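Here come two complexes built around chain A, the first alongside chain B, the second alongside chain C.
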Partner chain A sequence: MSSRLRSRIAQLSANATIAIYLLAVLLPLAWMALASLKTREQVAQLPPLLRFTPTLDNYREVFRESDFPRYFMNSVIVATSSTIVSVLLGFMAAYAFVRLRRKRNDGLLFWILTMRMVPPLAVLVPFFNMMSTLGLYDTRFGLALVYVTFNLPIATWLLLGYIEKIPKSVEEAAMTDGCSRLAAMRAIVLPLAAPGLFATAVICLLLSWNEFAFALNLTGENAKTLPVFLTAWDTQRGINWGPMTASALMVVTPVIVCAAIFQKWLVRGLTFGATK
Partner chain B sequence: MADVVVESIVKRFPDGTVAVDDVSLAIEDGEFFVLVGPSGCGKSTLLRMIAGLEEITSGEIRIGGRVVNDLEPRERDIAMVFQDYALYPHLNVYDNLAFGLRRRRTRKDEIERRVREVAQMLGIDTFLHRRPGQLSGGQRQRVAMGRAIVREPLAFLMDEPLSNLDAKFRVQMRGELLKLHQRITTTTVYVTHDQVEAMTMGDRVAVLRDGKLQQIGTPQGLYAAPSNLFVAGFIGSPAMNFVEAEVVAGEVRFGDLSLPVTSASLDEYAGRRIALGVRPEAFEDAELVRDAGRPQIAVTVDLVEHMGAETLVTFDAGAPTVRTDDTRALAADLDEGEEEVGPPETAIFTARLDPKTDVAMGRSKELAVDAEQLYFFDLENGQAIGEGIRAQAVRAS
Partner chain C sequence: MLGPTVLVLLGLSLYPTLYNLYQSFRATELIGPAKWAGLDNYTKLFHDHRFWASAQLTGKFMVVTVAGTVLLGLALAAALDRGSERFRRIVLPIVVIPMAMSPIVVGLIFKFLYNDAVGPINYYVGLLGPHLDNSFLARTDTAIWAVAVVDIWQWTPFAVLVFLAGLQSLPRGPLEAARIDGASGFGTFWWVMLPMIRTELIVVILLRTLDSFRVFDVVYATTRGGPGTASETLSIYLQRVAFNFLDFGYAGAMSIFLILIATLLARPLAKLLQLAAT
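Showing the complex of A and B:
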């Protein structure tokens, strides 16, 4: 077999793998999008109807029958606030690990990561008790606080890598140029770590936006978030597919848009050209 | 503009390593002062302590008469040029230069004026809007210089600023830097591991080894009167030749060879072994020397290298090489990162001869030796013998 043929086969099989993967990811999304535009009878048909007259009835039903805007706002507030706090604290923690400790204390770093290894359900009951005692049950603040505890370890670990890549000498140059350590961190490290901050923010945002177990158990009607709300269409009389797919589509759209916007920040490194 | 005084400075790291061991320097206002030594000798640590980037274990540093031990880098009014340039990658050249001035709340039109002036002086005024990533290594180097100059600080601290440039460009920048210093005359402390850079640039040079100060002097002073084996071997290229020799009345003997000595300071070493140092420049083809009074030695030529302006001839001195801590440190510096070969048992000498010389490998040759350029060192402690006399002679000349 010639090497050219071999590389063609390698190329083809790589493409085929990607195609299968994309199908697996995109088909459910496509089905969901189509189903949200169908009537109750059309949704149930097998194989799925591809040619039909779309209707927005399901969307109307979502807004008529539920408090969708409120749950949406809950999700937005809880996810963004927990993300901002996690990224900020994670940045400072990572900075301290990289720059202020002579030896990197891997024990402490690992311990931080174990916070994330705990299965959420194992700590659900104690969390529930704490939240009730503190009067934080069914509050957006309480839920955001819980998300911070779970996102902070991830944020710290992700940012560690980005900050390590920033040459120490650039910061030292800023310090001889008239910056205090804190000012150098703000003027130099923060902008240079921006791609990392964005990447970390996207991940924290996704995790908080999609989180279900804690949201289900730590909120009632007041602070209910979208993932919990979606289950409301699974009623005693069966799953109400139309409104459920309509709501679900409205839940995933912001996430996709967000990732698309940040994408260019995720791949671009800013430190290029600092040294040598 | 200010003088920089370093007094009994010690740097001990938490793990116990002593990077700088009781070093004192008095750097005069406007001086171009070079710290030189092999890697790991503490020169960079010392510079970073002057900058305030490294804490001082004990001792005192004064810049312009003010004790700066407890001042932060930004309060010391010094500017540093880093080995890797350390430009701000997210700012363009103009903002890189203006950064320090803005931090010090300089007036906007004043910043504009100074940045443009310095940029013009360094020839970087045509790409002020570009970011460091779009510049070549040499251009980045200039920006790094410019960022220091524009601040008009009390002193420049430079940490091997030319070591990342290729050899040809490095020589060019060396000259530019010297001319620049003549114009600006700001006190400069310059760190390098390259003795050629140290010799060509420094008003005065301090040689460091293992955190200890070996000698301070003008380049000519260090070359003519090295205070110990290490400095003797470190300064000068090709390096000084060393061989173990025996002092016999009025002579030093090594292998089958002997050279007459006049120095009275060797008298107390009569009958003992010493380290003899001979600069490659001290040799000359006997046929080309008019002064017939010069002592001559007959050697068998091992290797001939025609350099054009000079011819380097290598021969076996027929006596043991000098092995002390000093020479081992020198050897380690030379083949840094290379496989440990170990020095040959007998000393190999290099002679630097007039290119008109007629030599060939394997043939024997008569070499005349300039007795003025013989150096003697104590084998025990590596200290120069009769150094005082030589140093006086240098000062007088």
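Showing the complex of A and C:
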């Protein structure tokens, strides 16, 4: 067998592997999307009904039977506000780490990372107690505050990597020209770090949008977010698959679009900058 | 400028630990005031079979999901590395989808797929031979493994993308040399490429290990720890102790234990990330 033929076969089997994998990724999603467009009887049919007249009844039922728009707004507000606070505070902290300290403060960074690693359930009772005492239980403000605790460590760590790459000399030049450090930071470092800020914000938004454990235990009806709302379809009497898949699809569509666009940043963020 | 961050983190991280510590020395009863309990909650922890069963289950879950994710990730990353740049640009946005989805949505979709009445999995298995009465998620012997499959489905993309980034950044010289020396495709991969992406390998293994250790969402969405306690991981058990049994003292002792383990696991990861970042 010639070596060219051999490499051709290797190439083909590699492509076949990828094709099978893509099917494994897409089939469950397609199943969900199709189910969301079927009637209750059609959903239950096996083998699956592939040719049918799609109906939007399930989507109508989601809006009629639940406060979907409110949960959606809760998710949007909690995710964006905690992201903005985390990115701003994280930027300041990362800047201080890089510029104002002679050597890297490893202890503090280790602590920041450890905070990300602690199981949410292990800190939930204290947070539950704190929120009840402060009257923040079941409020968007309270939930956003808790989200800052897991977003801020990541934001600080990620931004550190971006700020380290900005040459000190540019900033120093501005400062010898009479700029204060704060002004130099605002005028020089902030714009140069903008892509990093954006990438970090995407990660924080994604993590907050998908967060479940805190939202489940720290909200009631008022500040309920989308993931908690989704589990409400799972009742003692079983799941009404049509509306469940319809609302699940509405929850993941924005995330899937973002992920496909920002794929590179996503990986970087979720590995804490270990991949370039 | 470090001030606000340190303040926020101090307030929001030291407080839970101290509060847990304080609670763990108290006996919280449903009725009446809490009493000082000394080390009672900790001795209870050591004699609690349910706790150790859930610890064991979590351990098994960690091993299976991390191994599955890493092996699948390696195979797929290697396959993608062979393909053309154009091919990758089409495929990667699809590959990334599962890991961006909420684990709750992923869990609910798979609960649907596993369902014994309307799901395709039991239906097609039934066509192949054995008729199944129950969903894999509803059987005590398979529930946790069925959840593990869901977790692997969700996080394989993560491993694929990290490994692929590593493979793509390799210098082509040593690979060419190995090929000219007559190494097989697999030989080159195993003996030349794998050692060169060991940082990526360790990062994925450590991150996935930590995330599996605290797994909650996907178990909650699929089985809620059931049937019975068949898929009750540490986090699920802790949730029950704290918010169903309302035993905050005991939950405090368990939390301290979990925080300790997570900190120990996080140490090598922090070191490694620091190295990778500099």
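Assume the second predicted complex is superposed on the first by the 230 of 276 C-alpha atoms of A that agree within 3 Å, B and C clash if a C-alpha of one lies under 4 Å from a C-alpha of the other, contacts with A are read in each partner's own complex, and residues count from 1 in each chain.
Heads up, the rule we're going with is that a residue touches a chain if its C-beta (ideal position, glycine included) is under 8 Å from a C-beta of that chain, and two chains touch if they have at least 3 such contacts.
From a predicted model like this one, the values you see are computed outputs, not experimental measurements.
Once the two complexes are laid over each other on the shared chain, residue contacts for A:59 go to neither chain B nor chain C. By the touch criterion defined above, A:48 lies against chain C but remains apart from chain B after alignment on the C-alpha atoms of chain A.
In the superposition on chain A, contact of A:147 is made with neither chain B nor chain C.
Judged by the touch definition given at the top, the superposed model places A:137 against neither chain B nor chain C. Of the two partner chains, neither chain B nor chain C is touched by A:214. Touched residues of chain A, counted separately for chain B and chain C, are more numerous for C. Residues 270-276 of chain A are contacted both by chain B in one complex and by chain C in the other. Here chain A touches chain C in the complex through residues 10-11, 14-15, 17-18, 21-22, 24-26, 28-29, 31-32, 35, 43-44, 46-48, 89-90, 92-93, 95-97, 100, 104, 106, 108-130, 145-146, 148-149, 152-153, 156-157, 160-161, 206, 209-210, 212-213, 216-217, 226-227, 230-231, 233-234, 239, 241, 244-245, 248, 251-252, 255-256, 258-261, 263, 266-267, 270-276, going by the rule given at the top. Only residues 1-2, 4-6, 8-9, 12-13, 15-17, 19-20, 23, 75-76, 78-80, 82-83, 87, 91-105, 108-113, 117-118, 120, 123, 153, 157-158, 161-162, 165-166, 169, 185, 199-200, 203-204, 207, 210, 213-214, 216-217, 220-221, 234-235, 238-239, 242-243, 248, 251-252, 254-256, 258-259, 262-263, 265-267, 269-270, 272-274, 276-277 of chain C touch chain A when the two sit together in their complex. Every residue of chain B that touches chain A in the complex is listed here, in rising order: 14, 51-53, 72-74, 76, 78-80, 82-90, 99-100, 103-104, 131-135, 137, 140, 147, 151, 157, 164.
Every residue of chain A that touches chain B in the complex is listed here, in rising order: 102, 167, 169-170, 172-180, 183, 187-188, 191-192, 270-276.
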